[in-house]
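Same chain, two partners: chain A is paired with chain B first, then with chain C.
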Partner chain A sequence: MRKQVRLVFRHDGQLALIIAAMAIIFSIVSPAFRSTGNLVSLLENYSVMAIMAAGLLVVLISGGIDISFAAIAAVTQYVVALILINAGGNWLVAFALAAAFGGLLGVVNALLIYYLRALSVIVTISTMTCYFALLMFVTEGKSLFNLPDWFTDDLTFWSIPFPVLVAAIVLIITAFILSRLSIGRQVYGLGGNPEAAKRMGSNVLGLQCFVYGYSGLMAGIAGLVQAHRVEEVVPNALIGRELDVLAAVVLGGASLTGGIGSVSGTILGIVLLAILQNGLTLLGVSSYAFGFVTGVVILLSVSATAYTAKRQARSSARHAV
Partner chain B sequence: MQSKTISSPVGARRATFTEWIGRDPTVTMLCAFILAAALVFGALTPTRFFSGETFRAMAFEMPELGILALAMMVPLMSGGLNLAIIATSNLSGLVTAAIVTSLIHPSSSPMAVAGVIALALLAGMATSLLIGFITGYIVAFLGVHPILVTLGTMTAVKGISVYVTNGGVIGGFPAAILWMGNGTLLGVPVSMILFIFCAVVIALIMTHTPFGVAVRLIGSNEKATRYSGVATNWMLVGVYVLSSLLCWMASIIMMARFNSARAGYAESYLLITILAAVLGGVDPNGGFGRVLGLFLSLILLQEISTGFNLLGFSPHLTEAIWGATMLFAIFIALLRNQWSLRLWRSKTAQ
Partner chain C sequence: MTEATNSPRGQEAGSSPVPSASNGAAPFVEMRGISKRFGGVRALTDVNFTILAGEIHCLAGENGCGKSTLIKILSGVHVPNEGEIILEGKSYSHLSPAASQRFGVQIIYQDLSLFPNLSVAENIAFRHQVETPFRLTRQQAMRKQAEAVMERLKISLPLDELVGSLPIATRQLVAICRALSAQARLVVMDEPTASLTHQEVDALLATIHGLKSHGIATVFVSHRLDEVMTIAERVTVLRDGSNVGTYRVRDIDRRRLGELITGQVFESSLKAPFLTEATPALEVRGLTRQGQYAGVDLVVRPGEVLGITGRLGSGRTELALSLFGMNPPDAGEIRVNDKVVRLRNNREAIRHGIAYVSEDRLSLGLVMPQSIADNTVVSVLDRLTGALGLIDAVRRNQTIDHWIFQELRVKTSTADRPVQQLSGGNQQRVVLAKWLATEPRVLILDSPTVGVDIGAKAGIYQVIDALAARGLAIILISDEVEEVLHESHRILVMLSGRIAATYDPHRVNEQELLEAIHA
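Let's turn to the complex of A and B:
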């Protein structure tokens, strides 16, 4: 366990160093990078991704994977926007509705995974297809533009944009759950060794409902924040983001086999992608090249992690002899 | 489980057709589904569903998804996954398209046209082989999880396509290439013939070559396979090279059908290929799966799509039904397992 903790810290440390180096280079080369305005808009651009990443992180730690969160975000966004347009409401109602509806769709995932005894990736691909296709079928792909004014007005708190504030609160809550609450520790246990977790008395069904429900809840909130930012609801705007978010969480050191991952790492993963994209844009590199650079960064990062783990395993095997 | 029909040594009597079908529960289930769907659609649109035109439309639409699903199936059997299949197809399609459109002019002689097409196809093949080799090398020799590697290659390869084309389209092909997507041979679409050819070759490779057996063993237990003397690393490289090769085949058909190549074509197929393979009985944990099952699941998906299209529903409803079919199939498989477990228990209790 201690070795795992050290591994996490080392991964975080490496990422932080790389980010710091990139930030220094970019701010020397391009003065625009240093400006507060740039940094704030950078944070705002990535806040929706950060909220979804918080949900996905919890699922990955539990040893599962959720592909359906972008579809859940799209469905929740549409349903909540319809209710707000027709019945009115305020931010409290909006958040409650988004959390409840997103969470509900997430729990459906959990129940299917538990009772069908199927792999989470297969079930969530199926539900993603169902949720999103039904949304497109019912709405016929029509966007909603007539959102209430209170919903689309820019909000800032102590000069922090509203999306950034929501993302920060969500990440702090996730970190608190994962590191301080019993249920968070049980999620790590479930991901590390499901059989052991079961024998220790963890309620697997309950945990899975929590994990996928949490991911759905985060997706719902992310959808709401996205609608607030772009001031419209486009049914297929969020689709296709699921693998981007997965890449960010994985860059942050979360393991696909479960049991490993941290909120701090996830934040660093997102910041890395954000700074990379922003810096390249400011340096005048075509935005079309960004995909290639991101892909190479993902490949280098996962290869380096696997390589160090392999070398460590080899050296510890030698010590054992 | 040692019944006469299952262990069939050389020289044993040939299994009858029903036995052959019944030996694989997935195949039985899919045949039942296909029949049921045919009856329902046939009852709702009697004259239009059972018509040559409908079958031809189905045969034209199936190969694209079919070859991509084969490309997904091979890594799935080895216990991996290839998320880069669509990106690989699009990039090799773009390479082929760029060569064809830049080197062929209206004044070119037929020989020159043939030569350029051959060159372009080879260049496309080389592109996909290179991508497959890099993916396989990282998966096998660095031991990175295939989802992560292919997520990276997918992003990078698509990035190259987008960067080179600025998101645009390369189009306008000679008739020979269009024929591969839209032509027919003896009334059968050429693309369908290509797909069946690929399916038979993959089926033979997976069942009748040491490579195929090794791939399935790796999917079941990689460590045990390595300790029994199989060069698992190079076999895994082969898996991703083979998968990429199929992507190249798919790219030709896609190019011909759209009469153009682009960085973002067919992206919605990515997760559908996984769904098709798993519905066809491919074990997502690796080790098990048959091309026949995949073929049947593709027929079922295509049947649902065509049937709903005839009934006038939007393609989105079709996709929702596909997702629901997948969940329903998992449910049936679970029931079947529990039922056979109970049967086994009651037998051993006696």
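Let's turn to the complex of A and C:
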């Protein structure tokens, strides 16, 4: 565990350095960047992404991948908003509904992956397409504007904006589950060596239901928070966010082959992307350029991970006696 | 000589029948009439296997005879096609891994089944995570438990280190600790000693006796017959997926056991002295690497087999890695065919005709999901590539046929099967085939017969002899004294990084060599 912590620290340390360097450069070239207003809205803007990232992180660690979470967030958002508009409710009901519905859609992914013995990429791409198509079909792409006032009113707690608070709580819970709870350690085990996890008696179906359900649950909450922020529900607002979230989590050190990843890294990954995106926007660079930069950043971080892995394999070969 | 007891039914009334409760102990588990097919492959046919409470029972047989499959059926990893498993008086058609562990069955798998991304302590205590998924993990309790087992085995492991960064021998110890840390009633060890040193093996064998004194049964798989003869009370022999029989070890000797396993008799003799004075294929002068080995001189000529033996940590593997360019020396020179070379990486070594079959081959040598054929030709693709950049299919198939089927006799019907479906020992032969296909001038073999059955060992020795006869210079590294003694023209003994002595196999015996190694 300590060694693992050390490795995480090394990766996190490098990321933190890059972030610091970028923050310094941007604040020199763009005075708008370093204004408190900008930083607060930056945090708020990226809290929805952070909530989804928490769910995706757990799936990646388990050795799978989830592409459908943005679609799940969109569907959940719409369904919950409809219920709240027609039947009324409060925040507790809203969270319970979003968590339950999102979690359920996530569990559907898990069951499909387990029983079809299919790759998680394929299954979640398919469910993403289905959920989204169904949503657009049923809603005809129409947005919901008449959300209840209690839902859209700005909330702050100890001057922390509500979305930021939710993201913080969710990330802390995720970190707790992953590092301190037995099921979290089993998720790492499953990602590190699935056959061994099965042989040790891990309930693989149960674990998969947990990780994909967790990802769906996070997506549901993210959808809810997003609707609260923008004060409307636009069916296709969240679509296309998958890759940004994936980029952030992978940047944060999570391995696409499973078994490796941390909440601290994920947070840094999001901060890095946020600063990059915000800085470039303030400098007047087009958002297409940003897409390009995101892609390059993912490539760099994936190849850096591969390089480290190769070096490690070689050094362990050298130790082999 | 061929054994008369070839049919699975014949020996129940055969030469040394053992009543199932010979020493009065009750059976802990009975596996009856077990059959298992993988697609078209029959891995087990109507096998009976009874383990008595508290006994030490060896499972022996050639590579691919079904030992690991039988074990995986007992542990609930595989579901048998036929047969029953009787535990605590109840009959089950199959078990699940969780159920098997509840009955107190703990397995040390041949592939170890560890989690490379978790620490040693977490690997050892993983079962607690499985038992109580929604509980807090308890670091302290985990470490205590790991420390208690290490104490019992008289070893010390780096508990915070990630398992993936450990050498294979240490990983094996981790797997052993994991199994022994449970409240087991039966511990099954599938080739646990494959990469352990003599002391570690001794400690493990002592632990097995300790388990027995607590009434815990052990099933032990090993291709080292002397280990089987020392430790076991009874031995069950499988051949081609069927029972040969179950024997009391005190009723048979090592030769007889070898016969039962292979159906043949093997003779081993020393090599004829090596006399030619040809230009050395590889010559090393004063080779030194700080903290690993120092002042090493050695010479191998074409056609010669040079044996190197020594303890774990004596520097033998580090030296071999240096000769293969993977561990650059600090001082000294390496000559290939009388020319000084610098080997900065393994590609340069390969270009100079040096091949190295590592001890860690299971994790480094093969791409598991790919076919036997692809694994074999991967190192010689450029040679098989014809004019248009296409692979010459005829020569590819000839290469595969030659090395896989003729020279190394890998037990498989087709070379198109994924390597991961082969038994452990047959995977090892594929690694050898892959390197031999590069037709090297100098071949470094690091423990080439670990985990290989005696029939296949004889096969590998024949290959070594044939290669040497063809003019290959061979460095054979092994800690099996018997092996270096019979397979080498000359033997170097390494002691803490130095060549302590050179022996002529005709002027030394096993005992003297052992003493030299442990001096």
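Simple rule for what comes next: the second predicted complex is superposed on the first by the 298 of 321 C-alpha atoms of A that agree within 3 Å, B and C clash if a C-alpha of one lies under 4 Å from a C-alpha of the other, contacts with A are read in each partner's own complex, and residues count from 1 in each chain.
Everything that follows uses one rule, which is that contacts are C-beta pairs under 8 Å (C-beta built on N, C-alpha and C of every residue); 3 or more make two chains touch, one makes a residue touch a chain.
Owing to the predicted nature of the structure, the values given are computational and were not obtained by experimental measurement.
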- Could you tell me if A:V121 is touching chain B, chain C, both of them or neither one (first, second, both, neither)? first
- Classify the contacts of A:S202 with the two partner chains as first (chain B alone), second (chain C alone), both, or neither. second
- Touched partner set for A:G295, first chain B, second chain C, both or neither: first
- Check whether A:C130 is in contact with chain B, with chain C, with both or with neither, and answer first, second, both or neither. first
- Figure out whether A:R229 sits in contact with chain B (first) or chain C (second), or with both, or with neither. neither
- Query: Which partner does A:G192 reach: the first (chain B), the second (chain C), both, or neither?
  - Reply: second
- Message: List the residues on chain A that touch chain B in their complex, please.
- Response: 67, 112, 116-119, 121-123, 125-130, 132-134, 136-137, 140, 240, 243, 246-247, 250, 256-257, 286, 288-296, 298-299, 302-303, 305-307, 309-310
- Message: Per the contact definition, I'd like the list of chain C residues that touch chain A in the complex.
- Response: 75, 77, 96-98, 101, 107, 109, 113-119, 121-122, 126-130, 132-137, 139, 160-162, 164-169, 312-313, 316-318, 321, 326-327, 358-360, 364
- Residues of chain A touching chain C in the complex: 1-4, 7, 180-183, 185-186, 188-189, 191-193, 195-203, 206, 259-260, 312-321
- Task: Over in the complex, which chain B residues touch chain A? Could you list them?
- Result: 83, 138, 142-145, 147-149, 151-160, 162-163, 166-167, 267, 271-272, 274-275, 278, 284-285, 313-314, 316-320, 322-324, 326-327, 330-331, 334
